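Okay, so here's the structure we're looking at.
We call the chains A, B, C, D and E, going by the order they appear; numbering starts again at 1 in every chain.
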Amino acid sequence: MNDSVSQAVQGVPLDYYIWLSTALFVIGVLGVLYRRNAIVIFMCIELMLNAVNLLMVAFSGYHGDGAGQVFVFFIMAVAAAEVAVGLAILITIYHNTRSTDINVLNKLKW
Amino acid sequence: MDLIVGLIPLAPLSGFLLIALLNKQLRRWLVALMACSSVLFSFVLSIVLFFSLGEDQQAITYTAFEWIAAGNFSVSFSFLVDPLSIVMMLIITGVGFLIHVYSAGYMHGDEGFNRFFAYLNLFIFFMLVLVMGANYLLMFVGWEGVGLCSYLLIGFWFKNTEYNNAAKKAFIMNRIGDLGLILGVIMIFIHFGSLSYQEVFAQAPGWASGSQPITIITVLLFIGAIGKSAQIPLYTWLPDAMAGPTPVSALIHAATMVTAGIYMIARNNILYTLAPFTLDLVVIIGLATAVLGATIAVAQNDIKKVLAYSTVSQLGLMFVALGLGAYASGIFHMTTHAFFKALLFLGAGSVIHGMSGEQDIRNMGGLRKYLPITFATFLIGTLAISGLPPFAGFFSKDEILAGAFAQNKIVWGLAFFASLLTAFYMFRLFFLTFSGTSRAKAEVSHHIHESPGSMTTPLIALAALSVIGGSVGIPAVLGGNHALNDFLTPVFSQSRELLPAHHLSHTAELVLMTVVVALTLGVIFIAYSLYVQRKKVPASEGVSLNSLHRVLYHKYYVDEIYDRIILKPMIFLSKALDAVIERLLIDRVVNGAGKAVTWGGKTLRLVQTGNTGFYIFAMVISIIVLLVVKSFT
Amino acid sequence: YAFYFLSFLAVLNALMVVFSRNPVYSVLYLVITFFCVGGHYLLLSAEFLFAVHIIVYAGAIMVLFLYVIMLLNLNEDTEPHKKTLYKFAAIISGGLLMLVLVAALKGAESPELVFGANAEVGLVKNLGKMLFNEFLLPFEIVSVLLLAAMVGAVMLGKNPLKETVAAKKSKGKSGLISKM
Amino acid sequence: MNSVFILSGLGIFSLLAEIFNIKRWLFPVVILGLILSAVLMALDWNQATAYYSNMLTFDNYAVAFSVTLSLVAVLWFLMSKDYFENTTNITDHFSLILFALVGAIFMVSYSNLAMLFLGIEVLSISLYVLAGSNFQNVFSNEASFKYFLMGSFATGFLLFGIALIYGATASFDLQIIASKVAEGTTTTTQWLYAGILMLIIGLAFKISAVPFHFWAPDVYEGSPTVVTAFMSTIVKIAAFAGFYRLFSTCFSAVSNQWVDVIQVITILTLLVSNITAVYQHSVKRILAYSSVAHAGYLLISLVGLNDISSSAILYYVIAYAVASITAFTVLHNVEVEDENAAVDSFNGLAKRNPYLAFCMGVALLSLAGIPPLAGFFAKYYIFTVAFQSGYIGLVLLAVLTSLIGIYYYFRIIIAMYLKSTEKGEIIQVPLRHTVILAISVLASIIVGVFPDLLVGLI
Amino acid sequence: MLTLLLIFWPLLATLVFFALRPHEVKKWALAASVIELVISLVIVILFDPSASAQFVVNYTWIQSLGIDFHIGIDGITLLLVLLTTVLTPLIILSSFKNQYENAPSFYGLVLFMEMAMIGVFCALDGFLFYIFWEMALIPIYFICLRWGGVNRGPVTLKFFIYTLAGSLIMLVGLIYLYFQTPGDHSFDIQALYAAGQNLSSDKQGIVFWALFVAFAVKMPVFPFHTWQPDTYHTAPSPGTMLLSGIMLKMGIYGVIRWLIPVVPEGVERWGTTALTLSVIGIVYASLLAIIQKDLKRLIAYSSIAHVGLIAAGIFTMNKMGLQGAMIQMVSHGIVIVGLFYIIDIIISRTATQEIASLGGIRTSAPLFNGVFMIILLGSVALPLTSGFVGEFLLINAVFQYNFVSGAFAGLTMIFGAVYMLRSFQLTMLGDNNAATKSFIDLDRQEKWVLYPIVIMVVLIGIFPAPLLKISDAAVDNLLNIVSNYQAGVGD
């Protein structure tokens, strides 16, 4: 079936994939800048990672080389780990300061 | 022979060292003995040298060791004994010896007795180095050395701030002169490539008369002389120098110190001869000083001040002589002056000693019956300085006047005027002190006493010298042969060849003499009528004087003027530099850098807001900037 | 023309993630976005990755997010808001970043995406081979990484008892991932 | 290579230790294991062997740095033992630290971008947790949170960069990338250059170079002191070594494309960090800024990339690590009696404990770069590198900033030796710390006096 | 070998301190410094005045960077080494009467500093020179910081950063020269000479300033001097003596050994500027000295003036000037140590260094007065004291170089007399007051310090020839390097 599927993308310029993933990446960044809720910010970071994944896969397809996909696999694992740790940290913080607002945390400065 | 030459300065030096190092251990009489004997010793040696020099006019040079050597520059510790220096040595050691003896009595009872004699010996030593040195640098050693000793001796009673200031003034003014001198010496080295007299004088005739370097050199040297011999504008230290004990004044004014300038110019006569401009300068300065000193002296009431200013004016006369190229006459007058000025000062000292410290002539008078010996000797001194025959002063001064007359009438006129004034103020001083009735305060008057033998003997000795001293230079007119003149010939021979000879006919010379003597007598009579017959006494402090008199009394306000135009501005300048450049400029810049950094720290740390959102924002912004910069360049 | 459709959906939902006020919605939008991305994987014939993607992201991570949000019961009114100025600046700079990146990446030539013989690199078989031959070490390291994450999560989660559950959960997830 | 396994093994061992409850053996075992692994690494000297289908290459560069890392780790463990004993779960800490160390070693020895990425992540994730390991303390929470948030954000850029590089070169293997870059047979140069830029951003964040340094001062201040010590030594070394390894091997061919970017970053780092440090109160913050500043000095060697710069970096890193271990040990002891030590809490240290004061003085002088201490020669060596490549202006700037550096380092010295304090009592120092201090102080002197021990090693 | 011993003996000596009880330390420190003096005297005996560098030791130090541990002694070095080794015992002895808390570290620092300074004078390798140069800075900084007077924190920091700024610029200059050396580069002094002389005249000018600034700050030459009065004022007396007596000479030595031969063209080009600066410094500092109210500050400014003259003399680049500089360095070192010790005595007796609040000390302390007088005369360069020889040669040289500068330089004679006599009068003469009434005369241990100084002042004044001989050949050597260079440029 993959042949038929792959037919679907035959001829789509690689640039388009780049634009797409760039767009997703930037949206992720935008989210990080835009929101103050730590959790949402984590999500946006995940979005960024996904953008990268997509790019990788596109490239790997383009080069017909599996390495990229393997790398994506690693990235996913890392992402999972990061989320786990990140949320754990978040919860600890929430436990101390009943908030997930990143701007609440500005005791350390100057 | 060399041994002797070496010993002459060594004797007083060893005297100084012994006394200085063993200060506490020594008894006073021993100190006095050591001091006097050491000077006497070198006096005797000088006499020996004099005679050994007498038969063959060969100059002796004795090199002790090499002193400084750097590159092509090399100076050694070497002494030169020739007629000029021998004359100086005789005066220094001779008069110096008498002053030593006198001091033994005068300083009796002062707690600084030992110190005093140590200084005196050191003084003699440096003066000997000055006159015996065979090169300019060694002369400079003595030159500065005597400056130091004058500092030590003038400030001898160091508890009195006045005296200390006087001492400091003396040293610094001398230093100003010394700078001129040392620069002159350096110029000499630059142009002659050596500092030893022989080599320099050997080369000297090679230079054209009035060539610029020579002129500069001589002027610079003359600045040194001005400082040392108290000429305008650096003379003010000398009158203050009487702050020291009276024997010191005698030593400074008569035997040592001030004569250095005369000696130096006489020594360099050839250079000066080659620099007519400088000669004229010397004459002008000398004349001005002579008149100025004399006029001021007329209005002074302090016995020592009067004498001090008389020294100033007499030195002026000597410089006039030198400036006119009559070097021998300059030396001659210096010699006689040494005698009677020493006499006068010591006499004054005796008076002060008798009056238990009183120095103001307005509180004296009628001392002749209390202090007979002092009176007699002082009279002789006064006659000598006034230039009456047959006393020493007559011949020397007359020689100068004659020389002046032969060359330039105006110079002669002014010099003559100065000498008349001299006669006047000296006799004014004399009458006010000795004749008439005592004006002394009661507590002083009843124990006025003649000084002890140790003081009177030197007086008598000097009085004798002041009488016969002139005999070394009796002019041909009066059937004499100018012994000193001939003796000094080898020193001045070079200059003599270059200088035009001015000769007065004997008749003219005789006429001059008579005129001089007559007028002098007249002046003396005026003084007599004023201060003996009318018993006039100078107005006491506070009484308003007529303007001329006031100006004279305040010595033309010269000290005040110096204070205004030199001291105050210098201090002001220092303060200004300190405030503006040091603090405002440099410190500002240096500390400013530090402050700037601290300020930067204070402000930059505020960027660290602690707000994560802001941090990320900043990062993104800078990423954008980076990308822009990259992709559009 | 699945590509354009998926891309459109992805971007749209991504934006929604950012702009929706309620965190829960954000999560849901994000899930959709992930599915779109997964679709792209299929298009690019990376079936294995598609599977992993769905499991890990939609299955694990998103659930975790949801769980935490529920736990802290965040919702619209607890949602902190930046000043509008901030938001504006954020949007501006985001746009700028986009522009700049595009400018930086715009290749003179845009190679066409063409699948040749090696279309089946994305198959489990091939990837497995790679994974256990040349990428063996990284694979092992991943397990170390996950172990570290687990330990960390436990450590952080352990002490306030209330959050123990969350910690355990995260532990479970990472364990699951590390198995495959 | 095997040493990596030893370390991971140690990590797992320390986890098990809790279960089998042999905690008291843990510490000595860890120390021995570290030393053993250091020795094993040293055996790879001059082998330049590639492992696991060229994932890691233990060339001399890698060996030198990984040995350094392990030894510093030994010192670090000796220093921070007591801190962990106070915490409930010592074993977790140990395992995390050891995993982090493994990650660090990958970062200096990788020869494949995958390994770089994973190394960074292992290191970072452990550190995110460690930074927050003082749960009750809000500062610690905040530190770990900030670190995590910004760290993962930066990771995004790093990955983007890697992806672009992959797109450009169709490989993650450094050799292949290098050769393609050198031959210019990349798909398109735009991707390559953009990728390089992204990598720079991601890595600059890891070495906390301005303007990606914002996390550093806060995290350093908030984290427990020992963790801060770990960050400012091991993490910094690993991050920079990785950075340098990547750029010197892969992208040196196109250095004209990125060198000016690095230069700008360097200049910013030197100026901002040094100036900001001047007006700080917390000693930890001062040290944080100083570590940022040192990142700047290290970057100079990347700007003036040439044959001696790698050895310059090695020397610099060692000098810096030794000095900061000393400084942190002293700080650790001072903090015993007042938390979050400010400069004032060093007042009168010379009287309260001359030994501590002396060691701190040496450390600070070395950091400030005063001869004959190691720090001086390190700076000097870096300057020579820059000079050789003709960046005289940069050298002058560095000189200027190191002068500013003097100012804040000496604030502490003055506090120790000049200021008086009411707290009269002597500070007690555990023997372990005395030993560390002795070792590290001697090290900075000896290495400083005989630089030939390290110079030209790699 | 002997050189190694000479340099590192003080350092070894300090090791013993750990074994001693605090109150014994000072004695041992004195002993050590005396032994050091003996070593240097042995070297003087074995020294061959006609040759240049001797007792050379040369080990490779940092292979790959062409840095050697290369030390040797020629006349110029020897003279300064001698100065150091003579003064250090005196300084240590002078510190005996005030009890310094934590004596071991104090004397340890002093000896460490002696080591560093001797190293500076002996180094024949640019890098080594720089290392020693900086190493000399550390101990003095800590001495001032720990045992200094009021407000010492900022003052000493300013001093440290100020001097370090200078020397870092010098370091940059040295590295620059290093990279001009051919082949795989070297820091050897000859190589650096060659490298510097091959530079174009503009480049030489730049290098000149890079190096000169460091030396100027150290000396200090106007306008780089503002750190100095404050530092002298706050530093403890031994520190002040070390700074003014010896350390300051490092700057002058640097100019002689590491500036003139390295960039003759640069000196050619900027020498006049530097000379003018120095001469300005003379007058400026003298004027400021006149109005100082504080004894230490006064001496500090006077030292600036004297050093200005020395620097001016060096930049005339003729033998007279250099020899004058050498002898004057020795004299200045001795005299200023003496003066600072005298001030130290006054402070310890009367607890004040305000000139105004003193006076009349002479009445109660004649010996003290005499010593002060002689040292003071040395400072105002009266003939037959050590000061005169150098000052005359220097003024002579400057005068030959340029009439006007010479005249201005000469002013130091007058100003010197003015401020020194002023301070002398206000402290020693006049009536004594509450502060000075019970002023005890010198005790035995003070005599041990001051009498040698007095003797040296007089002896050097009368027999300077031996000292001049020591440095004679070395100076010729130096000037030959320059003249050869100019000859080379000529054709």
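Here is the rule we go by: a contact is a pair of C-beta atoms (placed from the backbone, for glycine too) under 8 Å apart; a residue touches a chain by one contact, two chains touch by 3 or more.
Nothing here was measured: the structure is a model prediction, and the numbers come from that model.
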(request) Enumerate, in label order, the chains that touch subunit B and subunit E alike. (result) D
(request) Go through the assembly and pull out the chains touching subunit B as well as subunit C. (result) A, D
(message) Closest chain to the protein's overall Cα mean, using per-chain Cα means, please.
(response) E
(message) By raw count of C-beta pairs in contact, what's the busiest chain pair here?
(response) A-C
(message) Can you work out the whole-Å distance between the CA centroids of subunit A and subunit C?
(response) 5
(message) Taking the mean of the CA coordinates per chain, how far is subunit B from subunit D in Å?
(response) 79
(request) Would you kindly tell me how far, in whole Å, the mean C-alpha position of subunit E lies from that of subunit A? (result) 67
(message) How many angstrom lie between the centres of subunit C and subunit D, each centre taken as the mean Cα position?
(response) 30
(request) Please set out, as single numbers or ranges, the residues of subunit E touching at least two other chains. (result) 161
(message) Two-or-more-chain contact residues of subunit C, please, as numbers and ranges.
(response) 82, 89-90, 93, 97, 101, 104-107, 111, 134-135, 138, 142, 145, 148-149, 152-153, 156, 160
(message) Using the touch definition from the top, which residues of subunit D touch two or more other chains?
(response) 114, 118, 121, 125, 128-129, 132, 135, 145-146, 149, 153, 164, 193-194, 197, 217-218, 407
(request) Return all touching chain pairs. (result) A-B, A-C, A-D, B-C, B-D, B-E, C-D, D-E
(request) Flag every residue of subunit D that touches subunit B in the complex, lowest number first. (result) 145-146, 149-150, 153-154, 157, 193-194, 197, 201, 205, 211-212, 214-215, 217-218, 261, 264, 272, 275-280, 404, 407
(message) Looking at the complex, which residues from subunit B come into contact with subunit E?
(response) 20, 23, 65-73, 137, 140-141, 144-145, 148, 151, 155, 158-159, 161, 164-165, 168, 171-172, 175-176, 178-179, 182-183, 186-187, 189-190, 570-571, 573-575, 577-578, 581-582, 585-587, 590-591, 594
(request) Write out the stretch or stretches of subunit C touching subunit D in their complex. (result) 101, 104-109, 111, 133-138, 141-142, 144-145, 147-149, 151-156, 158-160
(message) If we count contacts the way the header does, which residues on subunit E are in touch with subunit B in the complex?
(response) 158, 161-162, 223, 226-227, 284, 287-288, 290-291, 318-320, 323-324, 360, 362-363, 366, 370, 377, 382-384, 388-389, 392-393, 395-396, 399-400, 406-407, 410-411, 413-414, 417-418, 421-422, 425, 428-431, 462-465, 468, 472
(message) Applying the document's contact rule, which stretches of subunit B touch subunit D when the two form their complex?
(response) 594, 597-598, 600-602, 604-605, 607-608, 610, 612, 615-616, 618-619, 622-623, 626-627, 629-630
